[in-house]
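Written below as structure tokens is the structure these notes are about.
We call the chains A, B, C and D, going by the order they appear; numbering starts again at 1 in every chain.
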Amino acid sequence: MSSEQRAAAVEKETGRIESFSDGVFAVAITLLVFALQVPHLPAGAISVTALGSALLAQWPSYLTFMTSFATILIMWASHHGIFKLVYKADTLFLFANGLLLLLVTVVPFPTSLVAQYLDTPAAALACAVYAGVFVVINLAYNLLWWAAVRERRLLHPAVTPVQVKRLTRHILLGLPLYGLSTLLAFWNPYVSLGLCSCLWLFWAFTFYVGSPSLGSLIGVQDVETASESDA
Amino acid sequence: MSSEQRAAAVEKETGRIESFSDGVFAVAITLLVFALQVPHLPAGAISVTALGSALLAQWPSYLTFMTSFATILIMWASHHGIFKLVYKADTLFLFANGLLLLLVTVVPFPTSLVAQYLDTPAAALACAVYAGVFVVINLAYNLLWWAAVRERRLLHPAVTPVQVKRLTRHILLGLPLYGLSTLLAFWNPYVSLGLCSCLWLFWAFTFYVGSPSLGSLIGVQDVETASESDA
Amino acid sequence: MSSEQRAAAVEKETGRIESFSDGVFAVAITLLVFALQVPHLPAGAISVTALGSALLAQWPSYLTFMTSFATILIMWASHHGIFKLVYKADTLFLFANGLLLLLVTVVPFPTSLVAQYLDTPAAALACAVYAGVFVVINLAYNLLWWAAVRERRLLHPAVTPVQVKRLTRHILLGLPLYGLSTLLAFWNPYVSLGLCSCLWLFWAFTFYVGSPSLGSLIGVQDVETASESDA
Amino acid sequence: MSSEQRAAAVEKETGRIESFSDGVFAVAITLLVFALQVPHLPAGAISVTALGSALLAQWPSYLTFMTSFATILIMWASHHGIFKLVYKADTLFLFANGLLLLLVTVVPFPTSLVAQYLDTPAAALACAVYAGVFVVINLAYNLLWWAAVRERRLLHPAVTPVQVKRLTRHILLGLPLYGLSTLLAFWNPYVSLGLCSCLWLFWAFTFYVGSPSLGSLIGVQDVETASESDA
């Protein structure tokens, strides 16, 4: 088998791993809906007003559902961005990917936890667990990326050191931010949750918009910048 | 990288986004089954008659299950129809697609809400929420389509202005219809739900049958019209 | 667009519909596991014996889980077998496919129904509903196949009339068998359920083994027969 | 149809079966999260401490969740490894694959069983059932592999007898190990569960790392060994 053939075979292989990962992401993101529970009203007290109040009282569910959904969506894009640069897989990379998938499937659990305890005296802990899970997920991303770049063995040859450095910094940045969010939970759970909600917006913007070259890593780019780079 | 190569790379990229979206649609449509609950009868009162009555009393579940299923299926076809015309993705398009997916995964929630409250005094609100979710979904479709057509930057070059105008009108049409359905809920929940049930039939027919050129957007067409256009 | 190009485009389109359908089948078959409930024992009475009895008492769950799993698996193979012969899709075909998917996602509901009521006085109704769902599914298959073969417009040109006739007969056969199973439920629920359990074995054997040419429709065949047909 | 064409058609067919199987694996692995239940505290007793204790008391859930996740992931890799060597499918192979998928979708059930009963007097039985399911899964793998290799009819021609022997031994090895784990449950449930937790690590290492030629079966290999074999 020539080395090109082997490269092609392995590339197909990471494709298979990526498509399995995509399936897990798609199921996990859809299961988040179970954080939204239909309110149970006592049979004698069912009215439009009562149901309306019960639905409004569930606002923490809606907030965490949206935050978790957006965060998993961004994670999927980042995961995809990393896999685009990788064309070989070794044991550590596969292990890191498995760890990441495990953590992604866990997200519905802290989501339900916050949904249920945000307006109770236990909110601090629920929000700390929620942000804490994202800290661990960030660590898994760092591990995955580190597994890909150590000695540049698994990366596609066209990837430049500048791109590697930028993505490394980009992924590392999440660690202090989600760490801060975890600590803030014990001071004010709403601030912690708010920070988590802002973070996905931040990822979305820095990843896609802020830096064209990072955006292009996952194959999308603003058409203006594309036209410029053509000129 | 030549501009053709870039176009091909980006096309593959929207393919990936579409296949992830397909996964979310497939899971969300299957999770609707949880709106169908096995009735719990008191241990002493289990009989064929009792179970039969309990199953029949759940007719709102069956109706909303079928309506939601058909609506998500039509939404999948429309989503697919839009993606067929698009060969580049920018930030706004990706954001609109993410919003749409979020709303699609939400559908099992109002479905269960109506299933549980349709034959109670709170039916008006449950049905208004149900139709209201479809209003928001329609807005997301309009946003997605608008993101695709503004300045025609993301569209496939072969798409004609007439096709764009027709699809724009087609998608906009849902807004007043689902809006009306939301308002009607407060007058008569059954009429509201009935309108939602009719609307998917309407989409199915206008999308596939009514206008051959729109039908052909998603690659299916009545064979008669196909033969005619060949002649 | 030449007619070959159009054919290719449409073929790819049915591929997309098939892969969405595959996703729905895969999720529906996996959700069946929710028919298996962990028994809840009163806190004071937890012991190996008590848990063992509780697990054994759930045997109807295991039986229906396995039957439903095998039946959905066979349905997936049949669905796949039909799609292999079809290279165009029209509105009726798409509608029949949507109806079929709706019914496939419903299967976890009667499965849980039987699991919960098989050893109660309401078993007759639960089993009749269970078999009745398969009657309706069989009707949907007949509709799908009829939509494909009327005037042979949607079929691949290589399909022979003999193949069509054989598959038509094969699919129709399920109607009296599942109908009988539905009626038998009111005489003896266990016999009804037993017949449903046997039927998937029957499908498996007639589909794959019994008739080589039908087996080959879905691309698998016993290697002996393959070798013979080569000679 | 020439035999090459037939081979290609069949190869595509096993691809379809594999991608359906991948879907089932992806959904089953994600449904494991339902073994993690949000603790329900009595309304008056909600505090950070109470929630913290309740979450910590659920440690068996976390352990079994992680063990089941890792085991299904390894099973997916093994499944994939077997399918890479197979280019024809016959009835027995399809039956064995269906049985395997059935068992994979079952895994969330014993996972929840152990999560709920590990710290109760019924732990022995729960853990025995858990390990017992893996015994049966191992038998299904042996059946699948045996169906593939008997008379070498379904295997890719490039597969050597040494590879077959090694993979046969590798798969058989699980039988005594999970069998031992099942028996150990009645002596000490924690030891049984610990052994199950260790076993997936063992599979991961022997499959990917320990034997390069086996690792290469599923298309991944340590880059050092790859470089050596090039030299």
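We take it that contacts are C-beta pairs under 8 Å (C-beta built on N, C-alpha and C of every residue); 3 or more make two chains touch, one makes a residue touch a chain.
No experiment lies behind these values; they were computed from the predicted model shown.
Asks: So if I look at the partners of subunit B and the partners of subunit C, which chains show up in both lists?
Replies: Joint contacts: the list comes back empty.
Asks: What is the distance in Å between the mean C-alpha positions of subunit B and subunit D?
Replies: Measuring from centre to centre gives 36 Å for this pair.
Asks: So, what's the distance in Å between the C-alpha centres of subunit B and subunit A?
Replies: 26
Asks: Show the residues in subunit B shared as contacts by 2 or more other chains, in ascending order.
Replies: 23, 26-27, 31
Asks: Connecting every touching chain pair, does the picture come out as line, ring, star, complete or other?
Replies: Chain contacts: single closed ring, each chain with exactly two partners.
Asks: Between which chains is there touch?
Replies: So, checking each combination of chains, I get A-B, A-D, B-C, C-D as the touching pairs.
Asks: Going by the contact rule at the top, pick out the subunit D residues touching subunit A in the complex.
Replies: Residue positions touching the partner: 22-23, 25-27, 29-33, 36, 38, 41, 46-48, 50-52, 55, 65-66, 69-70, 73, 76, 80, 204, 208-209, 215, 218-223, 226, 230.
Asks: For subunit D, which residues count as touching subunit C in their complex?
Replies: Spelled out, the residues of subunit D in touch with subunit C are 3, 6, 9-10, 12-13, 16, 19-20, 23-24, 26-28, 31, 88-91, 94-95, 98, 101-102, 105-106, 108-109, 112-113, 116-117, 120-122, 124-126, 129, 153-154.
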